[in-house]
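Two complexes are shown next, each including subunit A; its partner changes from subunit B in the first to subunit C in the second.
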Partner chain A sequence: MNYRFDWTPIWEQRDLILSGLWMTIAVSLVSLAISIVIGFVVGTGGASGSRSARLGAALFVDTMRNIPLLIHMYIWYMALAFLKLPAFACAVLGLSLYSGAYVAEVVRSGIGAVRRGQMQAALATGLTRIQAFRFIIYPQALRIIAPSLASLFSQLIKDSSLASVIAVAELTYEAGAIEGQTFRTFEVYITISVLYLILVTVASQLVMLVPGARNDASSARFADA
Partner chain B sequence: MLDVITRNLPFLLAGLWTTIHLSIWTIVGGTLLGAVLGILRYVRFPVLGTASMLFIEFIRGTPLLVVLLITYFALPALLGYKTTAYNAALLGFILFTGAYIAEDFRAGLRSVRPGLIQAGLATGLTRWQVLRFVIAPQATRIVIPSLFNQYVRLLKFTSVASIIGVTELTGAALLINARDFHPVTLLGAVAVTYLVVCYALSMVGRVLYARFAVRT
Partner chain C sequence: MSEAPIVEIRDLHKSYGATPVLRGCTMNVNRGEVVVVCGPSGSGKSTLIKCVNGLERYQSGSIKVEGIEVGAKDTDLPKLRSRIGMVFQHFELYPHMSVLKNLELAQVHVLKRSRAEAAERGRQLLKRVGLEAKADAMPVDLSGGQQQRVAIARALALDPQAILFDEPTSALDPEMIHEVLQVMTELATEGMTMMVVTHEMGFARRVANRVVFMDAGEIVENAGSEEFFSRPRTPRATEFLSKILSH
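The block that comes next holds the complex of A and B.
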């Protein structure tokens, strides 16, 4: 092994790395927000009593999940190029639809895990359906699915690296640029790996701050889903 | 409009075939690696158990694309060897999937009730025999659904190999698109193909699970 380590070019390019890191966080946060909305809408549909809602939700989930994320991004960026969406929007749309399907499955199983009597009791006390979901079902489901959500969100952050292929200047993209200029291949990629590791760890710890998520015994079942 | 598919069908099918054998080799290698790492962690093997934990945490915190860039560019530069895009992708996929599968195996192993292990030891089986004849058969059943989840995920992720220049299904479609420019048709066809193949693979998982399921 006669590779000579030289980390100084990485330090000199820290502005690029930081701006990439910031872009990764931005892409992830926006996609996260949209995929939560998609996930809750579709997941609630999938758990509902209506047959057509369940069918629609299953169709959405199966289609979105079984198409590779890379293809999602290329579809928005190349196939639907006439929409003239900026690369950032294409990355966010691709990521949100893809992850949204995963969130939907988790939400559906979470709602299913809340005992049926809870809904009946809520309706019996005079709450509307929306209020019942808002105040009774979602808080309990959220507690159960928090570990699964945490792993989905860390997945999402890592998946955002694919945005680099449609020229979104996030962490992986900047790493490629720095590598091209300095040829410090190993140092660059190890640096961004560590940065991703930190981001993912922080993000999953934040999700676990959901009240009661940590010490809810029933949540353990879903931890590896 | 569809003639871009029919004209390039042999090339696309060759790409699909690359996707398939890349996936099969990764499934074989990744499952083996995952089993070894998972067992090392489960039995808390000295040093190697900790090493596999560190490896698993590192891989699970790193995006697949970065893993492939490491196996294609960084590792050969560091260790001074030459590799092809296909072999680098295969190595990257095996390391990546192996780390996730290791965690699935560990979860499966841990789900075997301790009473059964104690009973096995009490009947005079060695620790290895208990692992082989008592724990492993039960863990395998439990692990099948999560294994197939990983396989389907991997099958989709092989598309990322196109970025480092492997001409699998996505790579082939992108090459044809660069020449003929029919992105809607080509990407649509590719998306549908992945949909069908992934769906078929998850069906295999469901059938296997039903066959191995413990009837109570």
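The block that comes next holds the complex of A and C.
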């Protein structure tokens, strides 16, 4: 192969790449925040004693997870067109629902892994159910699920590239644009791959900052506690 | 004594689906009394004691704690529970918090004491159960007996009117049972009201005022402990006692 790498056009388009990078970060962060909220609400419902809450949670999770993300993007873009919502909001909505369903499953399993007696002990001291979740159940569940959350969040960042199909000017979208102008296909996609790699690494390291998540000894001790 | 009982259970019925677990239980726990509840496995002891602080619901009958109906819709359960301590078979200390934090949590968030006040009271109680040196330890680093003493201190931290114990020593190695029973005996001596599910008949004989014997969801005997051990009235209690005392 005789391909000669030429990085100058990429460097000349650095403003576009940077603005795409910021947009990727913005879409990912907002979707991340919303999917965490969705995940904790739905996941807690899925772990609850109430049959209807469990049913509702399962229905949400199965529906949202089983629609391909690409279809999510199109559906919300079309469906919300009459609201004149910006593509950004539609992408965030699709990503949040899709990835929120995965977070919900992880949260549900994390809550299930906390000893049942912990909730009883907390309630017995007069804590309300909400306080018990906040101080006793979630902190323990979070340590258990931190690695799974880290990989879900990495997935979410990569998935945000699909926002390009509804013209959200994020990294992948800008890459396409630059490639169209410069024809430096390899250089463009190598560049954005490296950027995705950096984003994903930073994000998963941040999740592992959850107290105790990185401490193998303590999570092993939790398991048999 | 004319004072109303702290716990008043009347004709309590509970079932899981079609399976009846409690079938018309009636008993009281008076202020300052130690009542031991015993009976074969599956007889409903845990279920009964968990109904008292509303951890389990019941279908009919009534439980009053300090005159308040536990099952009533408008009962403030958190408040009621904060006045009744509970100690579990498997300790249930919060594994992600230090020993002292375990003792502080409900004081701060339920009783609204300041952190400093809660810590002070926590240390006081750790001293009382002989574990002041362990304030900053994590629960997992304590022995079972030590964890259960911390759990008792956690219950005491709310200055409860009574404490419920559900088999507090049956998850412990034999050499640790004594240290926990010791703490419980001291509590009883100081006049704490206690309802204790246990198979420790030595404790029941020495410390309990009354023994309630359950079988198949019914309270079969409810007698002074002296009387229960020397003259059980029913064949079922006699059989239970001979089995449990023979080993």
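In this section, the second predicted complex is superposed on the first by the 213 of 225 C-alpha atoms of A that agree within 3 Å, B and C clash if a C-alpha of one lies under 4 Å from a C-alpha of the other, contacts with A are read in each partner's own complex, and residues count from 1 in each chain.
Criterion: contacts are C-beta pairs under 8 Å (C-beta built on N, C-alpha and C of every residue); 3 or more make two chains touch, one makes a residue touch a chain.
The structure presented is a predicted model; accordingly, all values stated were derived computationally and were not measured.
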{"item": "First, second, both or neither for A:Leu69, with subunit B first and subunit C second", "value": "first"}
{"item": "Between subunit B and subunit C, more extensive residue contact with subunit A", "value": "B"}
{"item": "First, second, both or neither for A:Ala47, with subunit B first and subunit C second", "value": "neither"}
{"item": "Partner chain in contact with A:Gln140 - subunit B first, subunit C second, else both or neither", "value": "second"}
{"item": "First, second, both or neither for A:Arg115, with subunit B first and subunit C second", "value": "second"}
{"item": "Touching partner for A:Glu179 - first (subunit B), second (subunit C), both, neither", "value": "first"}
{"item": "Footprint overlap on subunit A, comparing subunit B with subunit C", "value": "none"}
{"item": "Touching residues on subunit A, where the partner in the complex is subunit C", "value": "115, 117-118, 120-128, 131, 135-136, 139-140, 143, 211-212, 218, 221-222, 225"}
{"item": "Subunit A-touching residues of subunit C, taken from the complex the two chains share", "value": "50, 53, 55, 77-86, 88, 90, 92-96, 105-106, 109-111, 139-140, 154-155, 158"}
{"item": "Contacting residues of subunit A [partner subunit B, same complex]", "value": "1-3, 62-63, 65-71, 74-75, 78-81, 154, 158-162, 164-165, 172, 175-176, 179, 185-186, 188-190, 192-193, 196-197, 200-201, 224"}
{"item": "Subunit A partner contacts - residues on subunit B that touch it in the complex", "value": "57-58, 60-66, 69-70, 73-75, 77-80, 103-104, 107, 146, 152, 156-157, 159-160, 162-163, 170, 174, 177, 183-184, 187-188, 190-191, 194-195, 198-199, 202"}
